[in-house]
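Please find one structure pasted underneath; my questions will follow.
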Amino acid sequence: MSITYLAAIREAQAKALADDPRVFIYGQDVATFGGAFKATKGLSEAFPGRVMDAPISEDAMVGMAIGAAIEGMRPIVEMQFADFSSIAFNQIVNQAATLYWRTGTPCPITVRLPSGGTAGSGPFHSQSMEALYAHYPGLVVLTPATVEDAYSMLLEAIALPDPVIFCEHKLLYYHLKAESLPVENLPIGEARVVRSGQHATIVTYSAMVHESLKAAGMMAEDGYHIEVVDLRSVKPIDTDTVLASVARTGRLLAVGEAFPWGGVTSEVIARVAAEGFDLLDCPPRRLNARDTPIPYHPNLWKAHRPTADTIYSALTNLVRL
Amino acid sequence: MSITYLAAIREAQAKALADDPRVFIYGQDVATFGGAFKATKGLSEAFPGRVMDAPISEDAMVGMAIGAAIEGMRPIVEMQFADFSSIAFNQIVNQAATLYWRTGTPCPITVRLPSGGTAGSGPFHSQSMEALYAHYPGLVVLTPATVEDAYSMLLEAIALPDPVIFCEHKLLYYHLKAESLPVENLPIGEARVVRSGQHATIVTYSAMVHESLKAAGMMAEDGYHIEVVDLRSVKPIDTDTVLASVARTGRLLAVGEAFPWGGVTSEVIARVAAEGFDLLDCPPRRLNARDTPIPYHPNLWKAHRPTADTIYSALTNLVRL
Amino acid sequence: MSPVTAEKFITTYRWMLLARILEDRIASLYRAGGAIVGGVYLGRGQEAFSAALGVHLSRERGDVFGGLIRDMAGRLAFGEPLLDPARSYLGSAKGPMRGRDGNIHRGRPTEGLPAMISHLGSLVSVVSGMLLAKRLKGDPPCVGASCVGDGATSTGAFHEAMNTAAIERLPLVVAVANNQYAYSTPTSRQYACENLVDRAKGYGVTGHVVDGTDLEACLDIFERAVTAALETQTPQMVVGKLLRLSGHGEHDDAFYVDPHLREESSGRDPLTVAETHLLEKGWGTPSDVDAWTADAVERVREAMTQAQREGGPDAAVETWEALASRHLVEGGNA
Amino acid sequence: MSPVTAEKFITTYRWMLLARILEDRIASLYRAGGAIVGGVYLGRGQEAFSAALGVHLSRERGDVFGGLIRDMAGRLAFGEPLLDPARSYLGSAKGPMRGRDGNIHRGRPTEGLPAMISHLGSLVSVVSGMLLAKRLKGDPPCVGASCVGDGATSTGAFHEAMNTAAIERLPLVVAVANNQYAYSTPTSRQYACENLVDRAKGYGVTGHVVDGTDLEACLDIFERAVTAALETQTPQMVVGKLLRLSGHGEHDDAFYVDPHLREESSGRDPLTVAETHLLEKGWGTPSDVDAWTADAVERVREAMTQAQREGGPDAAVETWEALASRHLVEGGNA
């Protein structure tokens, strides 16, 4: 058996629907069609009445989910693309994220965001919006990078009593495969050291974990052992695991696919600089996408986001500092 | 003559309307009523047909402004409170911010956001949203802290060919006064050292400049000279001025009123850590609001945001490191 | 439909009276300064429309009342404890929002009283979601009400929610209080249709119009609308015309209100209209009204006194946790 | 209204033909793989409705055509250079978006062709703003068109923009192409009103309905709507019923489309309908049609060949500047 990242997301939803009658799925084209990426394929037939097509109304989709959560349900909202969650932005950050703090009523909704860039998708079908949601109090923001995490973190997200922004990376949907689904896994909130090393630490998440691992492989050929930390969750951030890694290596490169100003990478560096300053042997560095909208043409797109090559050259500079 | 921060904003708009026929103002209750804070008082009478009341439709307000900008106008959009710009979020970050890059057509709109906390205003009338807008490419994000800056930066914002998010702080509206309006001023993009010192640098912006100055005054009594840098513009950030200050003092505290995850403070620290690591004598620190919605009750509100007292104690720790 | 009974009329009138007296008290404390925390926005002029909706909803049936700024009367009629607004306005830590949020935002979401956020229009879909959940859970039929003003109908959130509720055939009663102003903005700058009820057909929902100053008419229309929502399981849109008989908030002298509007029938005070009506019908005497007033005054006095004795929230014991998952809460500053 | 003339009919028909042939070519290149950059979304089935709008707008008058996904025919009819779509789809750096954005998003905002973003509904207010600006500048009267699908009418952005345009009395023609699906979603899950034109009254704008497969009817209705917008300076909403004669995009086999819909009059191919009509009227002969087709094929071949020869954008020379104020551009990575 071999299961993709996408199939893991589907399986997690199938399991949640089967195990918990409070779970339902709401989103555009999620029923008969099975979702734009087929993440809900077959679920409307298997769970009649619990997988519902929504009109093109992201604000109302999330508002409905919040109302249902107040009544004890566990809605999963699928955005057709992460980018369209901008329409639901107000309901997410002001209604869902504040409900528990204001009223004591938990708001267990999971909003699935098909995120990140793929070639030819352009400025409005490629965004990584984790930093926006992480900035607002009251949300949990997850960025699984592996098939196993996609599965187990989605299940855990649905079970959490809080609103979760679940950023799935579209580039991983079909390409990433695992042998089987995990039975146990690290809990949400813990980062994972996916490759250990001694010369520098890369802290990253989502699809950039794979580019970073490639870059680490290239560095190994040059004799450098690079540790790679997959954050898994960007809100909260597991600062302890990050600091422990930097303590081992003394060097930090934070890598993210999002826009450069104020994203996960700056938050990671700010934390390490503040809490682990003495662990650092040289300036921490970061690598993000460029500060323009995400280009549509693959020639430009490839140069807009970090890749194994650009991470490799950043690392090469870093280990020489 | 004595002029408030609010009056400066009104005067800047009056001057822009008088000098440039392309300027008009659009927002809820801005005409007869003169705006919820009276920032447009008298302007609809002085400039008939150029100050228009909008329906409660922030998305359309910004969309209309973008269209007008395409046709060569210079619209100013007033949000009744910054917090309501969440409704216009999509038009701002996806339509206005991408227009120039995608099409080569500039998008000179100014969106005024009455920002920041005041006692008793609660979670939806107190937000500081600069980090959200700064994260997206294609926007200029300004945070004036003085009467002079409110005036001259607003005039410069209106003249810029790009979309500007103009974050005016409501707490400064009535309390902050100057003798006269400036004729010349620092250009947008340059930070200002508002107090010089040698023991530590505070990098801050907007209302927190004043809390920081108070804290610096308290430190002076303890014999410490604290330099205070007012960023003025948070996108772009004048990293050079920040680094020059840290070079003088060796210590950095970044202070902001926004939520703690991924805001201006983390961006500032990430830049200094990366570009000015060797200038730092000790870990950089930051002070933000707490990671909850902004409380309505003054007892809680006062404890939610940084104040001169909490900045003072952060500084006290910092200079001892 | 059953004609409006004396009993129902009087019950509703007394909720209106209670709301008015409470709000008058809050407004005078606000003007005096010091006691009231936050802003004050009154339901003056909207009491008949709001209370007539509130009395037709039933907490026992599982109904939901999604009140807005000017729904003091409706919230109380639906069963909100009088102490909730008293505590909110006076900043008591014992209020339903514990000082974290306040006043018009107060609510008890799990008791059918969702707590509005400021962003207008955004509660309509939340109430809809509550109704959808009840249906999915197999709860007995119930009704949800969501209140909006003329201004809120211009929001995208309102539109998306109305359309979605219509598609899902939810038993939603949307009460549009057209009080002719949104803050200072007259309806001519808010919409261009003849009557907001013209939107009902465009959503495929049933529309109703009513004189929002006339309690009897309001009771009649909301009885119809609530019954229709319950029986047909489809949304109902009720547009009431009335006039805001105050500033937008108590900081606002409403200089911009066209004085002619006060002379029109829709500019009447619904309390006066109701009082005249019940006296004319012989449903009560002037001394009954005096007694009801005295009773309301006393209840308000009690609630306000109790709330005023209670302290405000204490920042030192506040947990500062925005998540129910406590293990995922971050400190934040470093 | 003047009856539709042979000349106008033929002109429009030829734009439809050009759009169809261009899109067929793009679709076949897409299926072959390699040449097309990005996704492919076709206007197949919508050519009559789109082109009939395009021919009634005038760039000289300062009109605006805010086309969407399926408006190849209308854009071309309005005057978009054929090279623009050719270059966009083939990824030429010389396209109007220079490889930064592409395909259906292409535009020339300062030439009356605003460039849509993906977020549905959000262009309607932009076109409105262009019209408002023209009025403020004192430009001669003109018309702006904004195109949306049945699905886009569910967006809050659409609602806010319609309402605002009505308040400002803008000469806006909103063309709603009800092609009965939004991606896979049938209209029963998109709205609950009988006909989307029922919304017109709720906004206080004039509503029109038309058989979107019938070019003559479309020409007639858009002539009326554009004239009315110009003369009355108020928005016009035109709802055309038709069927999407393709998948949502070329990746989609549209298995979910109810086959009965293809049998209905609204499921007809507008090109066939128009061809039959012009032959019947004697406005052209089969050999005229062949000649027009050959001409369109040749024009498409030329444009595509030229675009294909041009290279894609070069990342090394790309400026990576998202601001027109170059001095405010930040580097970003450190």
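Order as written gives the chain letters A, B, C and D; numbering starts at 1 within each chain.
Quick note on the criterion: a residue touches a chain if its C-beta (ideal position, glycine included) is under 8 Å from a C-beta of that chain, and two chains touch if they have at least 3 such contacts.
Bear in mind the structure is a predicted one, so any value in this text is a computation, not a measurement.
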{"item": "If a chain touches chain B and chain D alike, it appears here", "value": "A, C"}
{"item": "Where chain C and chain D are represented by their mean Cα positions, the distance between them in whole Å", "value": "44"}
{"item": "Between chain C and chain A, distance of the C-alpha-averaged centres to the nearest whole Å", "value": "40"}
{"item": "Between chain A and chain B, centroid-to-centroid distance (C-alpha), Å", "value": "30"}
{"item": "Between chain C and chain B, distance of the C-alpha-averaged centres to the nearest whole Å", "value": "35"}
{"item": "Sites on chain A at which at least two other chains make contact", "value": "54-55, 57, 59, 83, 86-87, 90, 94, 97-98, 101-102, 123-124, 137-138, 235, 259, 261, 270-271, 274-275, 285-286, 290-293"}
{"item": "Two or more partner chains touched - positions in chain D", "value": "97, 100-101, 105, 117-119, 154-157, 160, 163-164, 167, 189-191, 321-322, 329-330, 334"}
{"item": "Graph class of chain-chain contacts, one of line, ring, star, complete, other", "value": "complete"}
{"item": "Sites on chain B touched by chain C in the complex", "value": "28-29, 32-33, 36, 53-57, 59, 80-81, 83-84, 86-87, 120-125, 259-261, 285-288, 290-293, 295-300, 302-303"}
{"item": "Interface residues, chain C side, partner chain D - complex", "value": "154-160, 163-164, 166-167, 169, 188-194, 196, 198-205"}
{"item": "Footprint of chain D on chain B - complex, ascending", "value": "24, 49-50, 54-55, 57-73, 75, 90-91, 94-95, 97-106, 137-138, 140, 160-162, 188-189, 235-237, 270-271, 274-275"}
{"item": "In the complex, chain C residues that touch chain B", "value": "37-39, 91, 93, 97, 99-103, 105, 117-121, 151-152, 154-157, 182-185, 189-191, 256, 312-316, 318, 320-322, 329-334"}
{"item": "Chain A-facing residues of chain C, complex", "value": "96-98, 100-101, 105, 107-110, 114-115, 117-119, 122-134, 136-137, 156-157, 160-161, 163-164, 167, 321-325, 327-330, 334"}
